[in-house]
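Data block below; observations after.
We just call them A, B, C and D in the order they show up, numbering each chain from 1.
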Amino acid sequence: MSLLNPSIVPRKTYVLVWVALLLLLLANWGIAQLKLGPFNPVFSLGIAFIQMMLMLLFLMHVRYSTALTRVFVAAGFIWFVIMVVLSMNDYLTRGSVPGQMGNSWIHEHPTAPPVNLPKP
Amino acid sequence: MTFPLVPVQASEVARETDHLCIALVCASAIVCLIVFGPMFFFLFKYRNGHPADRSPVNLPQTKIEITWTVLPLLIFMCFYAWGARQYFNIERPPPGAMEIDVVGQQWMWKIQHPEGNREINELHVPAGRIIKLMMTSQDVIHDFYLPAFRTKQDVLPGRYTVQWFKADKIGSYHLFCSEYCGTSHAQMIGRIVVMSPADYQHWLANGEPGPTMVQSGERLFRELGCSGCHMGSTVVRAPPLQGVFGRPVPLNNGDVVMADEGYIRDSILLPAKQIVGGYTNDMPSYSGHLTEEQVMELIAYIKSLGNQSPTGTQ
Amino acid sequence: MNATLPQTETEFTRTRGRVPSYFEEGGRTVGSWLLTTDHKRIGILYLYSILFYFTIAAIAAAIIRLELITPQGDLVSAETYNKLFTIHGTLMVWFFLIPSIPSVLGNFVIPLMIGAKDLAFPRLNLLSWYLFNIGGLIALYAVAIGGVDTGWTFYTPYSSAFTNSHVVTMVAGVFIAGFSSILTGVNFIVTIHKLRAPGLTWFKMPIFLWSNYATSVILVMATPVLAMTLVLLSIERIWGVGVFDPKLGGDPVLFQHLFWFYSHPAVYIMILPGMGVVSELVTCFARKPIFGYHFVAFASVAIALIGFVVWGHHMFTAGTSIYSGLFFSLMSYLVAVPSAIKVFNWTMTLYRGRIFLTTPMLYALGFIGLFTIGGLTGLFVAALAIDVHVTDTYFIVAHFHYIMVGGMVTGFLGGLHYWWPKITGRLYPENLGRLSALIIFIGFNLTFFPQYIMGYLGMVRRYHSYAPEFQIYHVMSSAGASILGVGYILPLIYLIWSLKHGKKAPANPWNATGLEWQTTSPPPKHNFIETPVVTREPYQYSPEVEERMIYG
Amino acid sequence: MAEAHEALAEQFEEMPQQTEASLLGMWTFLATEILFFGAMFLGYIVYRSTYPEAFAEAGRHTLILYGSVNTAILLTSSFTMSLAIDSAQRGRNRPLLGFLLLTILLGCGFLLVKGLEYSEDIHEHLVPGAHFTKELSAPGQMFWVLYWIMTGVHSLHLIIGVGVLAVVAWMAWGGKFSEYYHNPVLISGLYWHFVDVIWVWLYAFIYLINRH
């Protein structure tokens, strides 16, 4: 039995995970109603991450799988992160060299003080 | 019949790029000797039927592997650094450049000099001056390629890219569009004419007399009604533009951006993208109402305002 | 296995009784081929398919080379010319190069090499072949109804908002063929993980398996990105909504990021399997274990992994940031290191070997030569400043043809000759084989070496007409192309001839060590009469021993 | 344990090898799916960082109630799918069939709610193109382009998932599964959970970020 099904999990685990997922959903929805500035995306994405991990580890049995399976699970995400990080490396540094024109929305080191525009 | 190997070198950058290339050719030749020399020797010596000592020897395999991993890596890093340094030279226009605007369109190059002279598929420049090209495209992606200066830069719709060169050899050189742009891609060619400064002045004066870029921009600024909100004492709903160009501007969302050509362009065509701190998005978009040349004229005018002192004080 | 005496078919027959080959078992009807799940038959189906697409793409190339003999652009119109290079690029990349070694030779040889009865998912394998051909036929349909003139790169906004040609149809063909790639990749990965014969540990695997495993990782991880990119492109084109179109707030450079995230690793799909083949050939025909086995094996994996973080080097002048350029240039130099390691190790393998200059060996040596030149010029274009000058010129064209044609096609032909006796049970005529290998090598260099020079001179790629000063190099190139054409037609003729008239091949004509040689030629349906057990390291050749090869 | 079974394919020696191969194959396929969706997420991230304010403004037009209800439905369907797998592993055929049907039902429920949401979006002129609402700018329209593509591709995956589960349920009805052989349940379950994981991210990205 154990040879065939290394991943029979107590049903209680599924129930707990399900309840946790729904509670996290509720929390995520609630937090989105608050005005937390830059922390809003942190919470929404953080909770989504926790939900994903719960599903991967328990519902998709990664916790009970071989190292090989874990490598393949991780690979997809790692490759996605590579794609995002290296593309954003371009987008976030465009135009940050003086004289080079970029999309001009980020300048890490302004060379002069900002202009002081009158308030309307 | 001639077999040219290297294109004309008409700038310092071209010569430096060629030096790098020659160095790489030499390095490659050495590598070929190192690989193919022993290879042919082994092929000859150990060919079947030829008596030779074929008994196994214990070579220090790991040491050999590490040697031919690390040595190439070190050499590669040298070339990387050299290429990167030169790339910085190519990509960063030095200060004090003379700016010329380029608009690419299927399948021609339209060029505007600050003095108001316009030309098509030809670019006249004085020798010895740093020329900075401010480029954009009206339709698809093009690429402004000047083999004599070893520089090229894609010309994209919807934003500005820049490229610079300093010609030091009088003559007429190729201009190619090198990013595939449709049916007549191969016809999107022209020439760049490098003249002595005196000849250039002469050429400018003999061209069609017209308003300068700043003058054209100022007229547009009034005709389009920009001045109604951005000028004079009625500055209420829109930020004034004096002294803005080339300075960092604080935005509504807390970011700070540089008021460069790209920023001014976006503000005219996509006003909602970045809103100046304290203001609301009331400006209509001029996207579709202006040609790329007109946007460049407006920018030239706003740039000329950049030297004045900011009007509002707090 | 006895290293001195080649095992002949009669020996097999004597010891194990006559077994029907995979040709015989299951019948010879068309249905038995089209519904087969036998990896060997599917490999042959792929061989026919890629030959078909290769022929069309090669005809396009021939017209292009004819057109470029004169600078004026007087043979075909500019529009036709643009459609021709699009046909050439699209068909060659997606319907010939990417499936060439993995789907033909890999399909045939991988299960044999690991001592398995078949791939892990045989029906999925057949589905891959059907998807591949559905995709290919849709692409050809796009050509037939008027063609596409965007180039194989489909850059926006030209492809989405400006061209009037049949981009969406063509893209649909590539999209479907992409799923074929993904399924093949999944199949190979699972097969190599789960179906290895008893005793065949990872470090006893022949290098061909390592390189196909690395290739499969790329197929699996990169292809979906291309698929989604093409979906986004089609949506933008069909509904006119903005995804990449700058008029609607999009960024065309994003398309390039997504496209090259696939298409640069795809270049390694087109070379890694060739490196695997060459490792098999060099060891067999130098009668030596490969020098630095672990380094060669890990170099494949390293190339696959680093190959994913170099895509931005296609975009140095595309308007990306300088820092992005610096990073991608650095990575491009790093990915050259494992390639260099492989070349050094192959050369070192020859040392104190017993070298047989057979046709496959000539192809392998040709591969090493051309790949080295292609790789070295890769260092030129990885250098940022030189890339600014030569990108989008014939220098790039020459560089990637050296890798893809000089590398992959040469590797493919070498492998095809090497495994031909196993695949068909017949020997090919050896002297003609050597002659054609020589002709291909000469023709290839004459075609593509002048392109380096004219590229550096500033000859822009995808130009229908050009400045007269480049003509001399174009003429040389076209002359070389006609020699190359002869070099490709010759093997086609004598290989087909050998099917009927070639000498019967013994089980192991090369006296090679791989498991695939331990069964009959051609093998029975389930590959092995009894599952082999592996106890030795790969490539246990002994150069001291006098040996005899069996030639056709 | 490695008893002869008609479901054991000839290229495998024993059942656990076949199960492991199927699972590994499915996980590899899911890795490709991550990158398939990943290309869209990259587009979203690039444009969100380019037009932060326009995206926040456009995001406020999404219908969070539908989105939240749908998330709850999908999370519950993952739960029932897990129970279906559990029943299969324990060799209980009737609960297996029941949970599969329940999962299919929840999947259809998701699609129904999504359909209602789509019709309301259409009514609000949130379909990019000529009739797009005048309240939002061009970058705001970009958000909605991505909304339709991302949720559309996800819904397509869900429809495929429902189809796959229907086949698996039919096989279960025919008594094809036992505690020794239930690979189709396992791999379709992985796929189902995966589609759910993608939705959790879509929910956060589309409905939640900078809503207020």
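To be clear about the criterion, a residue touches a chain if its C-beta (ideal position, glycine included) is under 8 Å from a C-beta of that chain, and two chains touch if they have at least 3 such contacts.
Fair warning: this is a prediction, and the values are worked out from it, not measured in the lab.
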Looking at every pair of chains, which two share the most C-beta contact pairs? B-C
Chain whose Cα centroid lies nearest the overall Cα centroid: C
Can you compute the centre-to-centre distance for subunit A and subunit C, using the mean CA position of each chain? Integer Å is fine. 37
When the C-alpha atoms of subunit B and subunit D are each averaged to a single point, how far apart are the two points in Å? 45
Give me the residue numbers in subunit D that touch at least two other chains, ranges are fine. 20, 24, 28, 31-33, 35, 38-39, 42, 46, 50-51, 138-139
Which residues does subunit B have that touch at least 2 chains other than itself? 91-92, 159, 161, 270, 273, 287
Please list all residues of subunit A that touch 2 or more other chains. 68, 75-76, 79, 83, 87, 91-92, 95, 97, 100, 102-103, 105
Complex contacts: residues of subunit C adjacent to subunit B: 73, 78-79, 82, 149-151, 153, 155, 157-158, 161-163, 246-247, 249, 251-253, 286, 291-292, 295, 316-319, 322, 325-326, 329-330, 333-334, 336-337, 340-341, 343-345, 347-348, 350-357, 365, 368-369, 372-373, 376-377, 379-380, 382-389, 391-393, 453, 456-458, 460-467, 469, 472, 543-544, 547
Help me check something: in the complex, which residues belonging to subunit D touch subunit A? 1, 15-16, 19-20, 23-24, 27-28, 30-35, 38-39, 41-42, 45-46, 49-50, 64, 68, 71-72, 75-76, 78-79, 81-83, 86, 89-90, 179-180, 189-190, 193-194, 196-197, 200-201, 203-205, 207-212
Considering the complex alone, what residue numbers of subunit C touch subunit D? 111, 116-122, 182, 185-187, 189-190, 193-195, 220-225, 227-229, 231-232, 235, 239-243, 248-251, 254, 257-258, 261, 526
Contact residues on subunit B for subunit C in the complex? 1-7, 16-17, 20-21, 24, 27-28, 31-32, 35-36, 38-39, 42-43, 46-48, 52-57, 61, 64-65, 68-69, 72-73, 76-77, 79-80, 82-92, 106, 139-141, 143, 145, 147, 150-154, 156-159, 161, 174, 176-187, 189, 270, 287
Show me the residue ranges of subunit D that touch subunit C in the complex, using the header's touch definition. 9-12, 17, 20-21, 24-25, 28-29, 31-33, 35-40, 42-43, 46-47, 50-51, 128-129, 138-139, 141-142, 145-146, 149, 153
